[in-house]
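Both complexes shown next keep subunit A, but they swap its partner, so subunit B is in the first and subunit C is in the second.
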Partner chain A sequence: MSREVTYRVGLIGPEDLVARHPALRREITVQVHDLDADPWPVDAALRWVGREVPRVDGEAKVTGAARYTYDVHPHGLAFAGVLGSPHAHARVVAVDDAAARAVPGVLAVRTFAGRRVTYAGQIVAAVCAENPRALDDALAALRVEFEPLPAAVTTEDALAPDAPRVEPGRTEGNLHAPPEPGNRAAVDEAFAAAPVRVAAEYRTSVQTHSCLEPHGCVAQVHPDGTATVWASTQATSFFARGRFSRELGVPEARVRTLTEHMGGGFGSKFGALEWDVIAAGFARETGRPVQLMLPRRLEHLLGGNRPDSIQRLELAGTADGVFLGLKGETFGTAGNGPGGAGAANHSVYRIPALWMRQSEVATFTARGAAFRAPRHPQGFFALESLIDLYAARLGADPLEVRRRNDPHPVRQAQWELGAERFGWAAARARRDAGPLRRGAGCAAARWLNAGRPPWQVDLTVRADAGVLVANAAQDIGTGMKTVLAAVVAEELGIEPGRVQVRLGDTRDPAGPGSGGSTTTASLAPAAREAALRAREALAARLAEHWGVPAAEVRSPAGGFEGPEGRRASFAEACRLIGDEEVRVQGTRRPNWAGPFGETAGCQFAEVEVDTETGVVRVLRVVAVHDAGRVLNPLTARSQVNGGVLQGISYALYEEKRLDRALGDMVNPTLDTYRILGLADCPRVEVLLTSLEAGFNNCGAMGLGEPATVPTAAAVANAVFHALGVQVRELPMTPARVLAALEEAPR
Partner chain B sequence: MAEDPSVPPARGITRRALFQGAGAAAAARALLGATPAGAEEGPAATPWRTQGPGAVDVALRVNGAERTLRVEPRVTLLEALRLDLDLTGAKPVCDRSQCGACTVWLDGRTVHACSVLAVEAEGREVTTVEGLGQPGRLHPVQRAFVEEDALQCGFCTPGLVMSVAWAVAQHGPGLSEAQVRRACAGNLCRCGTYPHVLKAALKAAGQGG
Partner chain C sequence: MKAFRFLRPRTLAEASEALRREPGAVPKAGGVDLLDRWKERVEEPEVVVGLCDVTDGAALRLEEDGALVLGALATLADLAGSDLVRRFLPALARAADQAASPQIRHRATLGGNLAQATRCGYWRLRSFPCLLRGASRCPVREPGGVQETAGIFANDPCASAHPSSVAPVLGALGAEILVGGGPEGGRGLAFEALWRAPEPGRSDVLALEPGELIRAVRIPPSAHPVRVGHAEVRQRAAFDWPLVTAAVGLTLDADRIREARVWLGSVAPTPHRARAAEAALTGRRLAEVRATFDGRAAAEGATPLPGTAYKAGLVAVAARRALADALERS
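Let's turn to the complex of A and B:
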């Protein structure tokens, strides 16, 4: 079932880096499935893959022609919305909906009397109406009687011994602590013997995803017992599962889910959520297509949170910069259920003695959700800050300390490249006398994924040489449609413009959810295999047409050759299809063992801090990343920009602030919950160290998440360098900067 | 106060329009059916008109075409464009003039369509992203956005295109980076397209967009 292929893998570019690091290229042997395409060697001459192919849906997006879920308006559309609890903890005693039902244009009302709400914003009633104004009027006319109950909305308040409990009977209160790791004594011993120890506590705040397109869907039940749902989701293939299709009253297999374009998810838009299920119920009840999109306030409250963190860490090392051990105790809240609130803060460097306990704390706040590189930005902020504290103690260059302890061969090359392009030595040597202080910092990135099975991609070719590639996965803005077009064009030897890619339609084979930076690396290899199948199918038709054995038809790039000088272009071969179509499928095969391991990256930031106002400005960032083989540098750079800018926004601005007594969010708008704007945007230089990673037939790995892992840490280290004192809580607001300066020794 | 020509006017309601009584405050009062006391005597005061609360006819000129709608006076321009005219390029994101995703032009100036009433746009020229250019015949700014990949999820993109196109129209080939930053200061993008937006804006301006 498989064949052995030996090929060269490793660093594709930039060239001078390749020349300096010969060890980053090597030969490996892999078992390639018989039906799979041969992997491209590191020096393969490719025409489209690895080139800057503009987004295939770019024109649709810049002209407003692209239809997002919010833009779908089937005939007879009704509008649904929900009313959220203003209390973090309360019993819904009664809901009087008489006035709401009396509003002209109201079609249906649902209420949740008797419910115990455990976070502000939790749904207590919902309305479906003819138009958005009737909906607003009816929501405003609902009268809800609450019996407020005591709540604890911050991690610290929820840890207090007498704190009200999110799960009433739970004896451990709100703390969800894993068993203590058993090696404490050994780690303590290593610490006792260590010449240098540094310890500090770092904190991060809850960040909301703030997708511009809010969560929601449009659901429609058809008279023939089928249903259509347009969903703003990162998992089109799985959206209609379970409760959603049950509420629709239509079996999942008869629900068609569509996500042609999607306005941002960042981890918060996987399955159908409570309001989606409510929309499904209204669609069944009213027989009308129903749109339910969250308004901004509820989007902030319910749409998802990156858990906060309190991280108490201690690092031990030698006097010359070698790490000996790390101890840490962390707490974080992912809202009213535990899960995902740990901090990834010990995963990059060689650390021989490690003791780490990560606890989660339930609070009376809305659910946490995966958020671009879950657990990583918070964990990296703390550990990378502590490393700079250690380096400062030694009087050492923090970059050199990192390089001494970094086992990853690719990141070693990246540190070197980034430091050069950033001008690290000069930036660190700078000393400012006035109130404006500049500083430079750096931090590492990592990620894990090279995609995975079991997905299938359909490919159809017709007589007019038009190619259609299809899978139900969604392009959430990464540019996956464009990458699949380029991969298929490469394999078929045609222009990407000839390849249409249809994504986000469950009539096509199921695809992965967009999580873990896996989607492109999961589907591109399957698309390539599908294109290989199409090439073979066309060759077979040509063989028949020419009357020669199939084995004698070869298909070099862009065409076909047979014995005795016979030739056919791709288009000529396609004409043989006639009225039929060539319909083939490619499968995502299991990964091989790529020799370089995880995805690597690192970032460098320069900041300017105004010591009189406490305002931090990021002046420039140099971001060095691989993504396995970079399939499209243009869209890849966009993704890295996005990761960096979200990271800066996280470092400086974003904080979901809760009223500690009432539990409601006090800044649920886009002017009070600030995200980075163009005026704040620094110069970002993206350096892609493309790497044929040896995991799959495209060499691809993930990129969306690693790009945001190190940014806040690099910015914080730059602030430390500028001020000589650390700001240990994110976001580094002017108040926190000034407070840190107050405490600094002069 | 001297007006800095590189600063775009406040979106939705200009200060002058507010004093003239043609802004949203006036419209809101019209909505309540209140008769204004002591009609504002600003220069060229707009006469008061009470409309609503029921639906009224509104004649709009959108992307060069005359369109007559029947809408409640409280319907925003954004809702009218999206639901009545099916022009869904302008996006609803914050509904409160905080994000710029709904940016359109009113008489050639950028406004937040979420914060302008449809009745306020009567008799004025509305240009949406669809009116700027279409697939196959893109406006130079739209073309530069595609070439420089100044979009990811694309939800902010129509608004950014309109703000950039305004800046390009305003400043021409001499458009500076600082002017782009100011013109787009009210346009939020969660995906982080800003660096490519800057490149696209300067490219389009340089090409005489």
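Let's turn to the complex of A and C:
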């Protein structure tokens, strides 16, 4: 079933770094499945993989030709929408929908009278209408009678002893605390003996995903008992599961789900959510295709969010910069749902004595959702800030302190590379006299993911040498199509332009949801195996054609060779296919135990703070990341750029603002919910330490999430360096910066 | 958005006539502000008078007496790009150029900018109570209120803030407003007379008579040298309103300040005139104010809420910087 393959893995580039760190390359032996392709060794000469192949759908996107769920308008389309509660906690006493039903063009109305709503925006009624105008009029005509109930929308309010409870019967109130870790005494002892201790409380705010394309779908039930759904989802293969297909009245197996293009997900779009299920019900009820896309306000309220956090941390260390222990008590709220447990992320550094309790707090706010590296940006902000506080206490270089405690060999090389490119020493030496102060900071990133089985990728070759690669997974904007085209082109020895990639259609084999930064590393190896199968199939046809044993046909890059000088190009071999097609499949095999299992990264930021106004601008960022083997530097850099920009936005601007008494969001628009814009973008330099990681036949690992993990922390540390005082709450708004400066000892 | 009847007059005179004829009709210029209000159904006009086809409202002219007349339908991009404005009113050109984003500046008109409504989220979202929309109290002022961008002057009973960053510069330039447009012509209004103080249950911000429109803004000529500077505190560099805007206009007698005009934006329900700062500057020598003016006089009379305490400091900084800009530039 398998063969043993010994090959060299490790750092592929940049070259000078490889020369300086010979230990980052080594030989390993793995058990390769018989049907799988041999992994590429670290020094493999590859033609397309690792090259900057432009996005295959770039033109469609920039010209507007790309079709998003919003753009799908099947004949006879009806429009649906929902009405959200303005109260954070209330009973829906009655919904009077008579006026709404009377609006010309209204097809159906659903109401949720009797429902106890536990967050603002929670759906209390829904309408389906002939056109958007009738829909809007009908939603406005709904009269809902609420009995408002007391609510608590902040973590602190929800923890008050007399706070109203999200789950009424729960004796522990709104606090969901895990059992106390048992090693408290030992850790306290380590702290008591430690020469240096620093403690601080850090806070982060709720960040909404703010996908440009809001959540939603178009659902259509066909007379033959099948259904088609176009969904803005990062899990096309599973969208129609469960309640959704039940409401649709069509078994999941007969529902075709499509995601041609995706306008952002960031973790918030796994599976059908409540409004999607409502759309499915309307589609069945009206017999019409129905589109339901959330308007921006509800997108902010219901579309998911990164929970906030309160993190009380204490770090103990030696006088010369070695960490001895970390204690932490954190609280976070993901509203009604789970997942708000502050943050962890003590895992980058060597920390011998660790005590950490992370509690979730239920509040009367809409549920959180996975958001690009759940918990990490907030956790790294706190811990990396505390490390800088410790370094400042010692009068030590915070970069040196990190390097002393960082066991990861790749990140050690990255710190070195990043510091050099950034000009760390010079940036740290700078002291400004005027009101504009510059500062430099850094922080680490980590991630752990090499993709996973068991996905299948279909590959079809036709006589005209056209290749089609297909899987139901969605390209949520990362460039998956482009990467798969390059991997297949590499294996077949043809140009990527010859390879068409079809993603986001459940007629093709199921694919993974885009989560955990796993999609590329999950599918690329299967695509490569499929291409290998295609090569073998073509070789077999040639053998038959040439009348030689199959074993005697070899396929070096870009063609085929047989005995006695016989040769055929890929195109010539394809001609033998005739009217048929060659259809093969590749499988994602289980990961091997590669030696570079945890991806590493670090970022450096320089900021300028106006000490009179509190306005922070990020001037430049150097981001160093490992993503296993970088399959396409262009799309990889684009991931890092996006992660960095989203991280800066988190550090400086983004905050879901709720009225504490009324519980509703006062900034649910894209002008009042501030997001980093073009004019605020710094120069971002991305350095990729490509690394054959040894887990799969492509060497690929994940990148989308780690790219945003350290940014806010690096920016916060740069602000600390600029001001000499920490701003301990994100986002670092002018008000917070000025308050921190005011409290600073002068 | 509720459906409305849409009228499309060709001239300002026709537009005012339409407004007079149709009580409750609303003039729409670029629609940058209005469309959001309508979509949210904060306002549901029955009749809208579109100014998109009006051909006599966008001119930027230098009059014979040296006055500059800026048509209300000129866009912010027109102002920023006009040679006339850049030459004679550079601070205005810069303010227009820093507002919003390129796309918005090509759509947003001068008249609409002055008449724009507050950005207060409570007013702009129908689901929130708001004093101006009939609630008994202003929730921004209550303990749970989100206050960061609220007003710090004249903020009782309504804590809204007029967000224009262009208005303060016009105030500092000593601008007057030409309103009217009917066949009988128009009238001139002192700059501050354009706005009304907020009243419970009333959302309109302008003190115009029924049927009146802003026709133009007139910058009168000055017999004395004038220096104008402006400064904004912006959290984001674009696609946003400043947290605070300050503009300073100085009329000079040699090196002495004959008259000072200090205007602030985003701090009160209407553009706010900082009279104490004007008094602190008037009659002083330039060298003296350059050395001593710390801007704090501009914040005199502020009554910040807990969440806006920081804005009083920003006002002082912005006023000081606006003065430095005035002294440095012109």
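We adopt the following convention: the second predicted complex is superposed on the first by the 744 of 746 C-alpha atoms of A that agree within 3 Å, B and C clash if a C-alpha of one lies under 4 Å from a C-alpha of the other, contacts with A are read in each partner's own complex, and residues count from 1 in each chain.
What we mean here is this: a residue touches a chain if its C-beta (ideal position, glycine included) is under 8 Å from a C-beta of that chain, and two chains touch if they have at least 3 such contacts.
None of the values given here were measured: they were computed from a predicted structure.
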(request) Return first, second, both or neither, reflecting whether A:510 touches subunit B, subunit C, both chains, or no partner chain. (result) neither
(request) May I ask you to decide whether A:725 touches subunit B, subunit C, both, or neither, giving the answer as first, second, both or neither? (result) neither
(request) Have a look at where A:354 lands relative to subunit B and subunit C in the superposition and call it first, second, both or neither. (result) neither
(request) Return first, second, both or neither, reflecting whether A:476 touches subunit B, subunit C, both chains, or no partner chain. (result) first
(message) With both complexes superposed on chain A, which partner does A:619 reach: first (subunit B), second (subunit C), both or neither?
(response) neither
(message) Applying the document's definition of touch, where does A:677 land relative to subunit B and subunit C: first, second, both, or neither?
(response) both
(request) Could you look at A:133 and tell me whether it touches subunit B, subunit C, both or neither (first, second, both, neither)? (result) both
(request) Please work out whether A:667 is in contact with subunit B alone, subunit C alone, both, or neither, and reply first, second, both or neither. (result) second
(request) Going by the touch definition up top, name the partner, subunit B or subunit C, that contacts more of subunit A. (result) B
(message) Quick one: is A:175 in contact with subunit B, with subunit C, with both, or with neither? Answer first, second, both or neither.
(response) neither
(request) Could you list which residues of subunit A make contact with subunit B in one structure and with subunit C in the other? (result) 133, 669, 671, 676-679
(message) Residue numbers of subunit B touching subunit A in their complex, please.
(response) 72, 74-75, 79, 82-83, 86-96, 98-99, 101, 128-130, 132-136, 138, 142, 145-147, 149, 151-158, 161, 180-182, 184-198
(message) Per the contact definition, I'd like the list of subunit A residues that touch subunit B in the complex.
(response) 54-55, 57-68, 70-71, 73, 131-133, 210-214, 261-264, 266, 293, 295-296, 476-479, 634-635, 637-639, 641-646, 669-671, 675-679, 681, 683-684
(request) Using the touch rule from the top, collect the residues of subunit A that touch subunit C in their complex. (result) 86, 120, 133, 136-137, 140, 297, 612-615, 617, 652-653, 657-662, 664, 666-669, 671-672, 674, 676-680, 733-735, 738-739
(request) State the interface residues of subunit C toward subunit A in the complex, per the touch definition above. (result) 1-3, 36, 41, 101, 119, 121-122, 124-125, 127-129, 139, 142-146, 148, 233-240, 243, 307, 310, 313-314, 317-318
